[in-house]
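Structure, as C-alpha cells:
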Amino acid sequence: YPVKGRKTKQREETTAVVILECEDGRMLLVQRPKGGLLASLWEFPHIALTEESEEHWEKTVGGQVTELFGVLESDAASRTFIADVTHIFSHIRQTYRVYKIRVASERGVCWPERYQGGQWMTREQFLSSATSTAMKKVLKAVEAQEGKSKDKKSKKSSADQPSKKQKTISQFFSTVAKK
Amino acid sequence: YPVKGRKTKQREETTAVVILECEDGRMLLVQRPKGGLLASLWEFPHIALTEESEEHWEKTVGGQVTELFGVLESDAASRTFIADVTHIFSHIRQTYRVYKIRVASERGVCWPERYQGGQWMTREQFLSSATSTAMKKVLKAVEAQEGKSKDKKSKKSSADQPSKKQKTISQFFSTVAKK
Amino acid sequence: YPVKGRKTKQREETTAVVILECEDGRMLLVQRPKGGLLASLWEFPHIALTEESEEHWEKTVGGQVTELFGVLESDAASRTFIADVTHIFSHIRQTYRVYKIRVASERGVCWPERYQGGQWMTREQFLSSATSTAMKKVLKAVEAQEGKSKDKKSKKSSADQPSKKQKTISQFFSTVAKK
Amino acid sequence: MFEARLVKGSLLKNVLDAIKDLLKQASWDCADSGIQLQAMDSSHVSLVSVNLKAEGFDKYRCDRNLIMGMDLSSMSKILKCAANDDIITMKAQDNADTVTFMFESPNQEKVSDYEMKLMNLDQEHLGIPETQYACVVKMPSAEFARICRDLSNFGESICIACTKEGIKFYAAGDIGTANIKLAQTTSVDKEDAVIIDLQEPVTLTFSCHYLNMFIKATPLSQQVSLSMSPDVPLVVEYTIHDLGHIQYFLAPKIGENDS
Amino acid sequence: MFEARLVKGSLLKNVLDAIKDLLKQASWDCADSGIQLQAMDSSHVSLVSVNLKAEGFDKYRCDRNLIMGMDLSSMSKILKCAANDDIITMKAQDNADTVTFMFESPNQEKVSDYEMKLMNLDQEHLGIPETQYACVVKMPSAEFARICRDLSNFGESICIACTKEGIKFYAAGDIGTANIKLAQTTSVDKEDAVIIDLQEPVTLTFSCHYLNMFIKATPLSQQVSLSMSPDVPLVVEYTIHDLGHIQYFLAPKIGENDS
Amino acid sequence: MFEARLVKGSLLKNVLDAIKDLLKQASWDCADSGIQLQAMDSSHVSLVSVNLKAEGFDKYRCDRNLIMGMDLSSMSKILKCAANDDIITMKAQDNADTVTFMFESPNQEKVSDYEMKLMNLDQEHLGIPETQYACVVKMPSAEFARICRDLSNFGESICIACTKEGIKFYAAGDIGTANIKLAQTTSVDKEDAVIIDLQEPVTLTFSCHYLNMFIKATPLSQQVSLSMSPDVPLVVEYTIHDLGHIQYFLAPKIGENDS
C-alpha cells in the first residue's frame, strides 16, 4: 500500500529569525547581498532550520547564533521564543520562528560575510530603512508580545503607511568604476 | 643546613587598593597627608596587608574596608578581585592587589583621619586631579578588566600626556596664618 | 462576674494604606468622593481591615490590593511593611498600617468606582495636590524608612509649610448644569 | 457649521501655550457669542477659564452650539505648525467628529489644513460666584512671572500679602528666606504700573507649582491682575487684547487651624 | 601637493553640517577640476553628492588626483574651531596619510593648524543617469525645511504631489492629517518664489527621517530645488554660491502593488 | 555692622558665575579695605583669589573684620534673582549667622530681601609669593576662552608656549593635533591687542578642565592676562573695572623627569 505523498502547491519553509537586542534597545539588522530575492534589504539575522525534527531546532538556533553571529553562549541560552510569523512569498509559505536575545554588549557580535553589512538600529531607524514586509511583521510580533505595540502606534502606521515599502537607492543607480 | 635568606635589593611590598564605586559610577578618592612621600596626592583607599600569609589577605580587606571606610558588610562581601598591578618606587617594588566594590550608597562611607579629605570623582575628575602614576595604572587595570579602556582612549592619553604629572597648588604655595 | 467592657472615648480604627510605586518612582493616588469627610482629597489606596484578628490582616491586604486595585499577585506578594502611622481625627484614633508595593507596570492598575479618579504622582505633585495631613504623615513615614527624608528636605518643609493644607477648587465652587 | 477666523493667529497659539501644561484635554464650547473653555487641572486645585468673544474674530459663524473636546497636546502640536503671521481659521461641521485648522500665509501663497479627531469628554462645569474681592492688584505680567520663578527656587509655596502700600511676596526654604516688595506706582501710565485697589489687607499662601503654570500666559498681555479675598481662591487674569481673557483660579493653602 | 584656500571659510563649515549627520565617513575626491564627494547613508536609502569647483576656491592646486577618506565627525569637530570669518585652507602632500586644515583670522593675527589622520575607505561609486524629470520645483529653502519639520510631527512619511497649480505636502498619523499647499508664485523675484516646471503631475512618498537630514543644508542657499519623476529617487539640490552644489537623492516609498 | 552697596549689581553676579563651578563653599573676608576671597578647588590643583576694593563700592562700611562662610551655589541662586540693572547691597550684623542680600530696582519700586545662613568653614590661607614672571601676555578674554574651548575637543591638556613672536597653544588627541598661534599685535589699542612682555621663552602644560572653569570669568573683562614662569603655577587674571580683580592660579603638569 503506497503511502500517499503530501501534495503541496506552495512549498513550506521554516526559518528561525533572531532579534538581537543590545542594552539600549537597538536591534541588529544585516543587509542582504546585492543580488537575488530581496536584494539589499535589511533583515534580522536568519538561522536556517534544515533539521527534520523540530526537537533539534532549539539546539540549532543556540549553536548557530553563537557561531555565525558571535553571540556569547550565556546570552544565547537566555533566548525567548516570541511567536511564529507566517508570510507568503509567491510560491513559498514561509514560517519564521521568532526568537529574541538580549545581548549584554554589542561588542563581539558579527555576521556572515555574504551580508553587505550590519547595523544596530532603533525601531525608528529600522522602520525607515529598506526592509521587507515580512521583517516588519516580525517586528510587530515582537512588539505585540511585549505589549509595546500600543493602539496608537498601530493606528498610526496603518494610516500612515498603507503598505508602502522603502526602496534603496541602489535599486535605481548602479555601481560604476571610479574614474 | 642553614636556610639561605632571599636577597632582595628592592624591598617588595603588597598593599590592597580598593575601588569603591557608587551607583552613578563615581569612585572614592582620598587625599594623602601634606607631608611625606606622594604628599597631597589623591589615591584610591589602601588597605595594608601586614599578614604573612596570603590566605588571610581576603579577610583583611573585607574587615578593614568595613572598619576604616565605613562600607557595609554586605557590600564588602561582594568585592571582586581585579588584578595585581606592580609599580616600582625608588627602592620598593610595590604590588597593588586591586579590588572593586560597588557600594549601594555613598552615605556612610568615610575615611581615616590622616587623609586630608575624600571625594567621589568621575573618571575625568580623577584624571585631572593630582594623583600618582601608580594610581593611574590601577585605574587602567580596572578599565582593561571591564573592557572600558577602548583603543581610542588609551591612544589618546598616550599621545596627549607623555607622562606629564599634574602638580597640586600646595606644592608651590605654603599655608600662612590668616592676617 | 460580668466582664468589664473597655471604655474608649476615642474610637480606635486600623486601616491598611498601600503605597503603589511604579518603575519611575511615581505613586498611585486616588481622589475621594465629592461628599463626606475629606471630600475630594487625594489619598493612597486604603484597604479596610475588618477582620478581628491581626493574623488575617496580611492576607486581607494581599487579596484586596489584587482585587480592588488590579495589582498583580506576584507584585502584591512582594509588599513590604513600612510602619504604623497614627493620626487623630476628632473622635477617631486612626492607625494606618503602611505597606509599600513596587508594581512592575502601571498598566492594569485600577481603582474602585467610588473614587473620582486616580493618578500616578511624583513626590512633588503629591505635595502640591490637595491631600490630608494624615497622608502626608504616611509619606513621611515611607521616606523616613527609606532614608530619603534628608535633613534638608524636612527642614525645608517645616520652614516652608507650617501645616498649611492645599485646598481643592471644588471646595469653593460648585458644579452647575451646563447651559 | 462653525467657523472662526483670526487674522492675528499667533493669539490662538499663545492661548494654547497658556493652558496646555495645565490641562491635557478640554472642551471648547462654541456658541453664537463666542468660544469658552473651562476646566480643572487633574488634581482639582486650580481652574482655567478661557473666553474668546465672537466680535474678536475677523469672521465668526456658529449655527448651532457645539462642544468640541480636544486633546490639547495634539492641538498644540498642530498650532506649532502655524507661522506667527499666519491667519488661522477653525472649522467644523455641525455634527462632525473632526475639527479643521486652516493656516494661510499673509500673501496667500501657502495654505495648510490640519484635521484632528474630536473627543467626547465628560467634564463638569463649575459655577463661579460673582465676588467682590478684598484686593485687586494690577501689575506688569513679566514682573509677576519673574517673581514666581525666582521664589520657586526657595520653597514650594509663595505667600502673597497685600496692603495699601504695596504687595509683598514671601517664600522660605532650606537656603534661606526671600521677600519681594512692590510699591504702588504713583505715575499711573497704564501697562507698566503697579496699581492696588484695596478694601482690606489680605495674606494668602499658594503653591508655586500652579503659579508657574499660570505665567505661561505672560505673552498674551503686558499686564496681569491678581484678585484676592481671605480664604477664597486667587484669580489671576490676563486680558487678550480685543478678543477676550484667560482666568486662572487657584485654591489657597490654609493652615489647619484657620480653616 | 594639494591645496585649496577658501576666503569665505564658513561655506566649508556649512557643507560639513549638511552631510555629517547622514554620513559617518566619506572620501573627498580631489582632482584638477575640483573636489567631489559621493556616498550613500548607512542604510542605502539616500545618496549625497557634493561638488566644489576648483574655480570657486581663492587658490586651488591639485598636482595629482587624491582620494582623502575622512571621519566626518572628526572633520566637523575641527571645522567648528574655525571662526565664521576665518579663511580656511586644506592641504595635503601627494602621498600623505594626513590632511591639514589651516584657519587664518581676517587680520592674520591668529593662525591655527589642525592635522587629522586620513582613512582608507572602501566606498563604491554609483552612476547617476542623466534624467529628464517630470517635474522640477524651486522654492525657498527655509520654507521647505519648515514643512519637513512640521509634517514630521504627524507621521513617518511625507507624500509630495506636484501639479500645474502648485505643490502639496501630505502626512497622516495618529493625531490627524496635515496638508500643505504652496501655490506657484506669479511674481518671479528669484529667491523667494515658488516656481514649478512641470511635464506631468507626480505624486511620491518619502521617509521624513531622510528629508530632515537634507534640510541641514538650508544655510547654504536661500533656494532649494526638488526634482521628481514617478518611481524614481527625488533629487533635493542646494546651490553653493560660486562654489558648486550639494545634491541629495532619496529612494521613494512605493506601494507593494505599484512596484 | 557690615554693609556694601554696589549700584552696578551685575558685577557681583558675574563674580559669582566666575567662581561657583570651581568652589562649592568659600569664605568672604570683609575688612576695612574691602572684601577678599581665597580658596583652592577641591582637588587642590588650582587656587582662586578675588579682591573687591572698598572704594569700588558705592557705599562701604565694615566696623569689624568679618569672615562670612557661604555655600556658593546658594549664593548664586539668590543672585540669579537680581535683575541685571538692580542695585545690590550685602548686609550683616557684627556677630550674625546670616547675611542679607538686598536688590533694588533702578526706579526703587521693587525691593527684594534675601536672607541666607552663614557657615563655619575651616579654610587654610595660602601665601602667594611676589613673583617676577618670565612672561606676561595680555590678550582679549574672549579669544582666550575660545581657544580653551576649541582645544578641549582635542585632548585633556593644553600646552602653552610663549616666545617674542607670539603665543602658541597646542593640544593633541585621538582625532589629531591642534596648534593655534597668536602674533603680538603691532597697533596697541588697549582692549583688543595681544601684548607680550617677555624675559625668557616659557613652555608649560595645563589641564583643560581647570582652564575651562577659569574662562567663566570672561564677562567680567574684555582683557585677560596670563603670567608664566617655568615650573611655576600659571596666573590667569581678570580685572573687574574700578572694583578689583579675580586671579586664578593653576599648577602645571610636569614631566616625571623634569620635576
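Order of writing sets the chain letters: A, B, C, D, E and F. Residues in each chain are counted from 1.
In this section, a contact is a pair of C-beta atoms (placed from the backbone, for glycine too) under 8 Å apart; a residue touches a chain by one contact, two chains touch by 3 or more.
No experiment lies behind these values; they were computed from the predicted model shown.
Leaving out only subunit E, the chains still linked to one another by touching are grouped as follows: A | B, C, D, F. The minimal number of chain-to-chain contact steps leading from subunit B to subunit E is 2. Chains that count as touching both subunit A and subunit C, per the definition above, do not exist in this structure.
It takes 120 degrees of rotation, in steps of 5, to superpose the Cα atoms of subunit B onto those of subunit C.
Taking each chain's centre as the mean of its CA atoms, B is the chain most distant from subunit D. Centroid analysis (C-alpha atoms only) places E farthest from subunit C.
Here the spacing of subunit B and subunit F, counted between their Cα centres, is 33 Å. Inter-chain spacing, taken between the CA centroids of subunit E and subunit F, is 44 Å.
Mean C-alpha positions place subunit A and subunit D at a centre distance of 52 Å.
The set of subunit C residues touching two or more other chains is empty. Touching two or more other chains at once are residues 177 of subunit E. Contacting chain pairs in the structure are A-E, B-F, C-D, D-E, D-F, E-F.
Against subunit E, in their complex, subunit A makes its touches with residues 31, 40, 42, 117, 119, 121, 124-125, 127-130, 133, 152-153, 155-157, 159-178. By the touch rule above, subunit D contacts subunit C in their complex via residues 29, 40, 42-47, 124-129, 155-157, 171-174, 177, 205, 207-210, 232-233, 249-257, 259. Across the interface of their complex, subunit E is touched by residues 71, 74, 77-78, 80-81, 83, 98, 108-117 of subunit D. Listing the residues of subunit D that touch subunit F in their complex gives 143, 146, 150, 153, 175-183, 185, 194.
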